[in-house]
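Below, chain A partners chain B and then partners chain C, in two separate complexes.
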Partner chain A sequence: MWDSFLLGVEMAMRWDTMAMMGVGLMLGMFVGALPGFTTVMAMAILLPLSFFLEPLIGIPFLLGVYKGGIYGGSIPAILVSMPGTGASVATTFDGPALTKKGKGRKALEMALFSSAFGDLSSDIVTIMFIGPIALIALKVGPPELMAILFLALIVIAATSSGVFVKGLLMMVVGLFLGMVGQDPIGALSRFTFDIFQFRAGVPLLPMLIGVYALPEILIAIENRATGMIKQTINSREGGPLTFEEFRSCFRTICRSTMIGTVIGVVPGIGQVVAAFMGYAAAKNASKTPEKFGKGELEGIAAAEAANNAVNGPTMVPLLTLGIPGDNITVILIGAFIAQGLRPGPQLMVEQGPLVFAILVAMVLANILFLIIGYFTIPLFAKVVTIRKSILLPLTVVFAFAGSYVPRSDPFDLLVLVGFGAFGYLVKKLSFDVTPMVMAFILGKELEYSFGQTMVLAQGNLAQYLFFERPITAAIIIGTPFLTYMLWRRSSRLRNEVAAKLSDEIPS
Partner chain B sequence: MTFRKISLMFLGAALVFGLGAGSVKAEFPEKPITLILPLGAGGSHDLNARVFTSILPSYLGNAMIVKLMPGASGQTGTAAAAHAKADGYTLIFTHNYYDQLQQHVKKLPYDTNKDFVSVAQLNSNDASLIVRADSPFKTLKNLVDFAKANPGKLKFAHSGVWGAVHVPAVRLFKEAGIKVTMVPYKGGGPSMRGFLAGEADFTLQFPSGIVSQGDKVRVLASGSKGMFKGVPSFGESGYSDDLGSMRRIIMAPKGIPADRLKKIQDALVKLQGDKTYKNMIKKIGETTNFINGPDYDKLRPGQSKTYKELITSLTK
Partner chain C sequence: MEPTEENVEQQTGPAHGFNFNTVFGVLFVVASAVLFLIIPGQIEKPLFVLDENVNALKPNLFPRLAAIGFGGLGVWLFFRSFSIDEKNKFKNLDRQAIANVLVTLVMMSVYGPLMMQIGFVVSSAVVIAALSTFFGNRSYGLTAAISIVIPVSIFFVFTNLLATSLPPFPIDTPLTRLYLL
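On to the complex of A and B.
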């Protein structure tokens, strides 16, 4: 094992590997930053290129696209409140608020450092514990997934801003929207009203852009109209992140990295859940939780470190069992196979050094990315210095283009506009759209895993869960207690904040 | 400055995504051909498409661009292809279950028989029945006998209803007269994980997935004769011969000019002799069972009949 590792390190230390990885990182970052273009699409398109390159150039190249793409997705989330995937939704809580305060560059850099740190540490943990992680990953099945998703939804409802009941209400709306389309088990149409496009469900991207980006634009226009903002320059890009700021978030980054690495063992939904759990934990541990959601650098660090820490462990089922956990690893498996490497139990035995070389390349990709990102961020941060009269229409163009590109169906534009109007309306009524979006994304997975669990239990659920799935049973029993704790904590915090506020405002 | 950045981003994306206009030629194809995949990124269809579209241009004279349109078990992409202009610039890369089975289980906004004509079968893939190495079942007969004695007790992992694993499986269960619990998973990878973790007792898998598991799994019946040494095929075990065949087919909207269809078919025929293509398709673990369009069109009514009978017998 140790010999293989050392051989792997030697194999990965090549300038051409680094160069191609750098190219991949840049490409991924630009594609990820364009709304509508997802990392998965970029990787699928670039996959044939890797067929003609040797393994230690082609695969690191794709890994570069992967990592760059995930970071790229948080750029529009921070600057114009346009999340490209569920994983960057948590980043929109504090990102745009920071941008408005003129701290856009700081936010982008915090995202870069925490992503790279989270990813790097999880990769190292993965290399050290690849065997045990593989064992756990194999054993996490539908019942465990169901329990984790259930828990995640409760945490999301508890961390939503504003009134708890309003959060729950939006969650129910999201769960309902997630049911539109074909049911996951029997593929029968539900709530489609015979509109063909809804058979595939409500499209995610137009919904995300609709509820997050469009209301921001409308409100910005409103403010201008009422003459509240008269300056021609929208805002400053702001100075770079200081070491002091990074240090103050370091505890949060470490906590989120741990959360992300643990959740990364669960295939598929890891990133979305991790980002929220990381954010919730940071908010919970903070001395000033009321600042979260209003432009707190720590919020960015929490979400970004957590969703990137998922990356290491998700590679494990692919490398050790030959089973891809999500779309991205499915594409990587294609690259492996085309190179004559068949991921599976024997890969580690037959090609140990190469597997380690790829893992080491992942670690190096993070370091390389820190350097590349550091020099490109000032360019991206300049976006906010564009005049508002140009930036707003431009954002609208990107919102429409981003919704149209994935399916090229004009119907998706209607969905975008519909959700934009809905998002604006609920924002005016002080509802938080996030529980809805999260319930929409996770609800489908929850329903699927619930259906699978029922089938697996063969009609005897209690016996199945308690005797064959003790982890699931434990989580389900623990959930009410945790909910109570979260609820008590949040109401206590609210009282404290209210007390503090009334102290400050002399009546 | 920023504008230039953004336009550069667009230009870069256009280059990367091959949106640049093709060179002007008098002959078909004058511009790149769009190949719609009614399936998601990274699946076996995607992988096959990436391989053949990267070599086909040298025989076709222009690029073929893969366009992924997943959703609603293939209906989103298929509807888009059915409604596309029949000018040869839009094709669809699908499989026999979407083409001939789905019409019997769902109300579709198109009719595959009236809306599509076959360009060719690119290849086919046969699923084999596997158990884990520690399973008590040594032969298919063992398994069938146990299932007969204990209806509903055995669990079977599949990759989705009416999919490439589910259909051959229900055909087998019907022919054998057994009842098992069907556990759905989201695709081939997750179903394999569930099977390996012991959540299901057996599953069907394609050769590439089986080979990669080495001695952890045991094949009880193979999808076609001689696929695995010393293992009988479904046909040799007393069941239908083509039980597990998933056929990857390229279709064109009906009404495509005959000369254009011929041109695409000729390019595909020439592709079969290409060394790089053969080599790569072998690497990704697929076959080169090519069938040209006219011959494949003859197979479709028979498939439809088989599926119709299967579904009537299951749902009555």
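On to the complex of A and C.
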């Protein structure tokens, strides 16, 4: 493992990797800074670009978009009280108040430094833990993998949506869509409805772009007039952040980093909850909690360090077990699959140095992020004012081009529009598409490992699982309990976020 | 899964009447029945079996489980729907918003076939200009510039830098045919 790590460090030190990560960071910050444009949407649309680059360039490019996007959301949150992404909602509690006080520059720099610190620290923790976790994951056989995939799907369904049964239904929709094409054991065709293109299954990329990008566009154009922020933005107002001010928030930044790191490992919770928890913890620990919400630099530091610290650890379940924990890692798994890399226990064995190279690239991305972010804050502050009426059509064109190029098949454009309309419909009706996409991706793997388990069990599945595979049996028995616990916890956290929003946003 | 605005809005409350979730509960039960009906015709039968392994997974097992899932969960959603306090967000949309979404969807639906007929660059220029104007942009000079520059740039990046293919300019196909003749 140590050799793989050293080789990975060597592999990551490439100028083209750095350059594309820099481009990714800039694009991510650009999209993040646009109110109404999400990081997920940016990643879905830019995903096809990564297909045609080698893995060590394409995947770090997407990671750059991810990191840049999460930070970029804080720029409009601070300057105009409009969170660019969901992750920066907690930043609106203190950011705009600081801008009003003429401390916009301090707030933006605090957001940048705390984001970079949170992200960097959590990436280092990820690298430290991924090796040992991967070694354990290597002991996983088909029965255990089947049980883990089943558990992961149920947990994601439970934690994704407010109503458990709706998450489960979307999961079954995804499982069904994954069955279209060929069965994974005998390669017999299923549910192709005599459409030739379905013989290879539902294409993943148009589906991802369709459900994650097009609904955002349709929602954004519901109100055509709200396209532009007319006020003048001055991101250089006030003095720069001093070292003393950063030092005074350092404890808070470390606390939030720990909160974000822990939340990142747990599937289905994500940046929003981390930011709120980090903010709440900082307020509770503060000697002057009454200042929070009225323009407190510590509030910015707490929220931004926590939401960025989630980024690294979300890679742990993805890389070790092949289980994406949220919608962003669902898109990343798409990038891995397109590159011929199947995240999971075997990936660390077959491509250990590459995995470490990607993780090292994540660390380096934070240093780049700090440099690029510092010098481009004024530029991205201007992005806030770009008209949606110009950007949305460009997004449509990019989505279509990206869906078409991997297979050069016009059918994929139909799939894109179909899933776009479907995504919009279900979003309006409060169904979450992430369990569907995850079940679509993991369904075949689940069926295949179940098939292998059946053969290994030689007709007596229960006896085989309970007497010869006790870990599998324990996971299966534990699934309902763990699901219930995580569902309760995520519901409680969501309610806390809702209560916090209703308390703080109107003011 | 970030708790988005709509997730946050969800609260369990007192029992409510028939609502969109009830309809979806019924629809999923219907989907279950339809799936059971189509399974025999939509799963290919092996042409010959050399050595049938009785322990092997049958290709219709998972589809059947999905059908059972639709049915069972549909019934669950049907009964649960009476105690879910969720907003049908379509009800918040006014006529203008619905028209905006429908027009955009129509443009998206037309864009694909148009791209195959007149090439990526020209169709994209048309779509950008039409959508941008429809979304309220009245800077026609800027629209014209973007409509030309962006599709050409995307075309260049995908076809030249990334060595992939996009439907070419309309003039390219006749030229290629002439060359072949």
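As a convention for this text, the second predicted complex is superposed on the first by the 269 of 507 C-alpha atoms of A that agree within 3 Å, B and C clash if a C-alpha of one lies under 4 Å from a C-alpha of the other, contacts with A are read in each partner's own complex, and residues count from 1 in each chain.
Keep in mind that, in the parts below, contacts are C-beta pairs under 8 Å (C-beta built on N, C-alpha and C of every residue); 3 or more make two chains touch, one makes a residue touch a chain.
Keep in mind that what you see is a predicted model, and the values were worked out from it rather than measured.
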Chain A: partner with more touched residues, chain B or chain C | C
In the overlay, answer first, second, both or neither for which of chain B and chain C A:I185 touches.
-> both
Which holds for A:F117: it touches chain B only (first), chain C only (second), both, or neither?
-> neither
Contacts of A:G322 with chain B and chain C, given as first, second, both or neither = first
Looking at the overlay, what does A:Y212 touch: chain B (first), chain C (second), both, or neither?
-> neither
Of the two partner chains, chain B (first) and chain C (second), which one does A:Q458 touch, if any: first, second, both, or neither?
-> both
Touched partner set for A:F292, first chain B, second chain C, both or neither = neither
Taking the superposition as given, does A:P345 touch the first partner, chain B, the second, chain C, both, or neither?
-> first
After superposition on chain A, the chain A residues reached by both chain B and chain C are 185-186, 268, 327, 394, 408, 451, 455, 458
Seen from chain C, its contact residues with chain A in the complex are 1-4, 6-11, 20-21, 24, 28, 35, 38, 42-46, 53-57, 59, 62-63, 66, 69-70, 73-74, 76-77, 80, 84, 86-90, 93, 96-97, 100-101, 104-105, 107-109, 111-113, 115-116, 120, 124, 127-128, 131-132, 134-137, 142-143, 146, 150-151, 154, 158, 162-167
Quick one: which bits of chain A touch chain B in the complex? Just the residue numbers, please.
-> 27, 30-31, 33-34, 37, 40-48, 51, 138-139, 141-142, 181-182, 184-187, 196-197, 199-201, 267-268, 317, 321-325, 327-328, 330-331, 333-334, 337-340, 342-347, 379, 382-383, 385-386, 394, 407-409, 448, 451-452, 455-456, 458
Residue numbers on chain A that touch chain C, as the complex places them = 49, 52-53, 86-87, 156, 159-163, 165-166, 168-169, 172, 175-176, 179, 183, 185-186, 188-193, 214, 217-218, 221-225, 227, 268-273, 326-327, 387-390, 392-394, 396-398, 400-401, 404-406, 408, 410, 413-414, 416-417, 420-421, 424, 427-430, 432, 434, 443, 447, 450-451, 454-455, 457-459, 493-495, 497-498, 501
Residues of chain B defined as touching chain A within the complex = 1-2, 5-6, 9-10, 12-13, 16-18, 40-43, 46-47, 50-51, 53-54, 66-73, 75-76, 79-80, 106, 109, 152-153, 155, 160-162, 181-186, 189-190, 192-194, 196-197, 199, 208-209, 211-214, 216, 280, 283-285
